[in-house]
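Structures given as structure tokens follow.
The following pair of complexes shares a single chain, chain A, combined with chain B in the former and chain C in the latter.
Up next, the complex of A and B:
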């Protein structure tokens, strides 16, 4: 087997999307595992970092897919992704938190409904706000949509922080009356609800994994599995590790569902109209398509998916605070989409995975690896001290300082990667691919017409 | 098909068509044109006027682009709309197809008032258009471009396209549609380009694609905005053949064109516009002899 054979094989595999995605994921995981082994991670740390990786691959793939529907398919320049995530998370929290406030006077309760109800409410709320934003903004030109969406996402964040919405007291009885006729009155379970202000909300509802497994009646078997892991692999409290690993797998399954939904959306007459709007809205209009409706549907669906991704990202945490919903998350999602290639669903998944593995988790993982392998100790406190040691030809303090600043450096690396991409691969990994927008194969049906007179005498030259 | 309607407004406007030929005269029931001796005929649906434009006016800032334009297009005819640059031809097109909203005047299609309707609503009534500069959807293949056009695609509803079971119906309809798409591709002889991105087509091929795409919306009438601009002579000939063939099948055409000779040789009726007004409306022979037209094309203030 020579080189060209191998190349052919690889490109043959790469032409099949599941193969391509699985291949890239395999490379990523292999790199993480090998690096962990080389640097001598303990099993627990190893599994933890893999769970973390899976988690971020999952959420970024979901978000990139949803954004791809907006930007890649419909050409809607949405830079308010995080706003819709935030709405999803907060509404879920309010609906599902137990009624009794915990954690001090500043904390509020919730409606105490099951988490499943909360998730549905959160997704619907994100969709509803998508509708509210989209109705006026989608009639504007693309750049105005960008302004409206980023402003909206900041309004959402400031609303979360606002004292005005911090806490509301729920009346003891609520009378529901229509035209003066009292229908019923009820005693709501909640005492206080609200957005919690700058302190955020404590998420004292069930974690999403627990809720899901209980709903599927898999909770007992799951606990059994954890016990088995404890007996055989990790003696000391394995549940958090197993939890996050299993949750990562759940997220990947959700990515699969997103992918399926959006592929069917794209590969349909509906997706074809979206693509046409992206290319030239006037043409779509002149062909009798009510483009405003299509744009609105696409926008609302994408917002709902962003809401769900936000819920799956944050609801498993102990608490949420407004600073988590700053616009940088939006731009991370954009970078993921650009890496993968806007317009391709497969590219979006790849972009999400590569972004999460290399740019988002990669630097932190590298830091953990180095710290696990070498006893680096405390680094210098500021840049001056780091550089001063260089003067005496000792680079170690500088390296340690760099390592400790890895979270800040991450942004620098992202910027560099973006610049490189714009110069060399502006269409991303899979940007210029034909993902034909039709539910069927469009090649010439059997037994119609002729294919032999292929060259028509049109005389036009190819551009 | 609508009944021919009574027009309360007379056809006014700047038409100098005092010598309008009886052959291409309208039959709109009761009215007679102000200064044209149009015989009133018994109305036959097949010969009714699908498009009636009355007193259209549009200003952009201080510029009056279209200034009280009125004309009719006969069913099954090939009508040319010519005029020098800036005469308001394209604006008139945009007003008819809903891209612009007129400041004044009405557009009637098949007897129904369609003035100010959205472009997609007008397109759905059977009035298809092409653009002056071919506007293909570049990053979509020729096939995707073509598949986009047909009306009444059930798969354009999102839930149907993503719901198992219902998607089968979508696929069935798309399969039927695909056959017609390939027929039209064959007809325009661009089937060899089917898998190509539309953006890779040459200027002339784009014109063909655009017309093919407009045809797939199943229109009654096609408005072609400079279909021959930037098209080489052999392709121009082919395009013309297609247009004549389609006209024989019963399609109605209104063509905006710069090239006087081309229009004179192919259209049975010519409307000449100048400075936002209709300067002359008649047969090619009449138009050729009109002093006003010669003036507008060869000199005079623009």
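Up next, the complex of A and C:
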């Protein structure tokens, strides 16, 4: 492959995939902004909801990309996503939380290492557990692998909740001695470490955004920028809003990195073997590829990426508790991936964005809009009261009850959307299960339509 | 080899504990009794999952929410019958959503309100059959010929929609359903303490064993059982030999749905609380039972259910109680890895 070929390939990509993603994102943001203006949001509320939207688009796009490596590329049916996320964020917390002596009220301490070290440790831990699960389990049928992975994620959650692992006391000095000869003595900073049990962990380390900006020596300019916003736009404590907006942008940059990494992986010889395994493992095996090894590598890489996504999702929160790591999150990621289309990285990003905007944040945003525009007041406390009012031909209480239950109802909507997708669009928006794995163009030359030309321009893979 | 060593250690730990008095005999028996009852529920619920897994060829992740649906519909009827006249009909039908009525205050129990309990149990079964047939008609039948994974993902959608519809109607609170103080209890004195057996335990045993025998007779003595076996082996072959496959599928849902609904109702009667997550939390144990027993074998499902229930309850002898369910999952994972065809393999449906 020569230089002009590469350049052509890049330009082909730039004209299509990122364009599509940016277009969809633009539509989503425009819809949110217009809706907010129409219903009369204040600037602060507006920016907050946009920051929230960006955050969820970012995390779901990342997770969908990582899952796409498992399911879309390699055909591994992993429904333990949330377990790997939890491992990542818990390990990060333990490594980076300050020792109790500094933390004061925080119940369990950590090792007090910089957040960067914690993130690396968290990602490695997620990868390690991916290896532990994958080593025996990847030989199994898809549905058995599904059951093993979901059971694993539940075991992870039980472990987080367990009192046994709640807290350990770290000795003041650790002496490593062999046959009575002291090799070295080690004085750990931590007093206690642990998983915190049902109460979870208070994340009193630096938030990821602060740590990142300090590391890049951008902290002072950033504070200056916050001051400028305070002077010109939001007079009253603008930092949380600016923080969350900037963090959202950081997440989108990370999504870009994931996309780049996974597209590169998918187009490499390694990725072609993965696709071959997905289509027919026996054939790939017969062609001399050690399919188990390839599957394991893909699984471990995906788990590491899930761990990182989990860290980026939860580390900015004040605390983490085990109920955040219920299997629901796994299924959110699956819905995002299926909306976008398994097998396509662009589809994964789009699916993450559409899922976050329409299904995850959309209903809540709608509720906020309605509450900002109308004075709905307190609705009926339960379904019975709502129906009783319905009986006397007053639909308002039922409507208010529905609005108040929107957090639950959006899960009903997700379920129905999933069923509809499986019935009508099982390949999602951009599912390419039949994409060519060859690196050369296999399309017939006589195709003269504009779309065919564009497909040829990017090598017939991955639109 | 490793399994053997682990087993030797477990036995040694138990025997040594019993000798030194660290573990009490009555505790062990109480755990075993608890495990047996849990196992009967899991076994009852897993028959349906096992049948649909082998005949329709997919892992139904909405099965746990069928259980919850059955429990809520049955308990709505029980509340209505037990509390008619004492409380508002709406609150009764919503099983006391938002703390409006309490099961304990209505005096619900097998001895105090037997009619309400039996009626509730029957309604739970019937409602779940209706639900299963409805969902099959509109959700699963259109994608019947797709791959198992497509159906699995669809069933996840069904699970979400069902569970949170239940939340929408009945609310998220976990309610106490029975008058726990009024249940007659038998205390058996054994060596160093007592083992308690109450009337709801015995009701559960009678209902579960009765239904299991009924299913056994149904599948042994009728052509339906033979047709089911034929279908789970090869659906196309079954169809060309003249087996009305759609009808067999319908009967599968009827039998499986009915047992699941009753299992959900009995589960709530036995443990005395009802919440929207009950079925979902039981689902992985049910899967464990099905896999342990070998997919498609109803005897395997029953046996697997009892083993899984006992594992979840008795493992607290060796490990902290938080890991009871985890140990059952671990047993399932080990079986999947080393003997994926199940420990009672070889015999499929009936």
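Following the convention adopted for this analysis, the second predicted complex is superposed on the first by the 407 of 463 C-alpha atoms of A that agree within 3 Å, B and C clash if a C-alpha of one lies under 4 Å from a C-alpha of the other, contacts with A are read in each partner's own complex, and residues count from 1 in each chain.
Keep this in mind: contacts are C-beta pairs under 8 Å (C-beta built on N, C-alpha and C of every residue); 3 or more make two chains touch, one makes a residue touch a chain.
A quick note: this is a predicted structure, and the numbers were derived from the prediction, not measured.
Trainee: Quick check for you: in the superposed arrangement, does A:343 touch first (chain B), second (chain C), both or neither?
Mentor: In the superposition, A:343 touches chain B alone.
Trainee: Scan A:393 for contacts with chain B and chain C and give back first, second, both or neither.
Mentor: After superposing on A, A:393 lies clear of both chain B and chain C.
Trainee: Quick check on the superposed pair: does A:409 touch chain B, chain C, both, or neither? Answer first, second, both or neither.
Mentor: second
Trainee: What is the contact status of A:297 with respect to chain B (first) and chain C (second): first, second, both, or neither?
Mentor: first
Trainee: Under the stated touch criterion, which partner chain does A:273 make contact with: chain B (first), chain C (second), both, or neither?
Mentor: first
Trainee: Write out the stretch or stretches of chain A touching chain C in their complex.
Mentor: Interface residues on the chain A side: 77, 136-137, 140-144, 146-148, 150-152, 154-155, 158-159, 161-164, 331, 334, 338, 381-385, 387-388, 405, 408-409, 411-412, 414-419, 422-423, 426.
Trainee: Using the touch rule from the top, collect the residues of chain B that touch chain A in their complex.
Mentor: Going through chain B, the ones touching chain A are 97, 99, 118-121, 123-124, 128-129, 131, 135-141, 143-144, 147-149, 151, 153-158, 161-162, 167, 170-171, 174-175, 178-179, 181-183, 186, 189-192, 194-195, 197, 199-205, 208, 213-214, 217, 232, 234-235, 238.
Trainee: Considering the complex alone, what residue numbers of chain C touch chain A?
Mentor: Those in contact with chain A are residues 58-59, 88, 90-91, 93-94, 97-98, 100, 139, 142-143, 146, 148-150, 152-154, 156-165, 167-172, 284, 287-288, 291, 320, 322-323, 325-326, 329-330, 332-333, 336-337, 340.
Trainee: Which stretch or stretches of chain A touch chain B in the complex?
Mentor: 261, 264-265, 268-273, 275-276, 278-280, 282-291, 294, 297, 301, 343, 434, 436-440, 442-445, 448-451, 453-463
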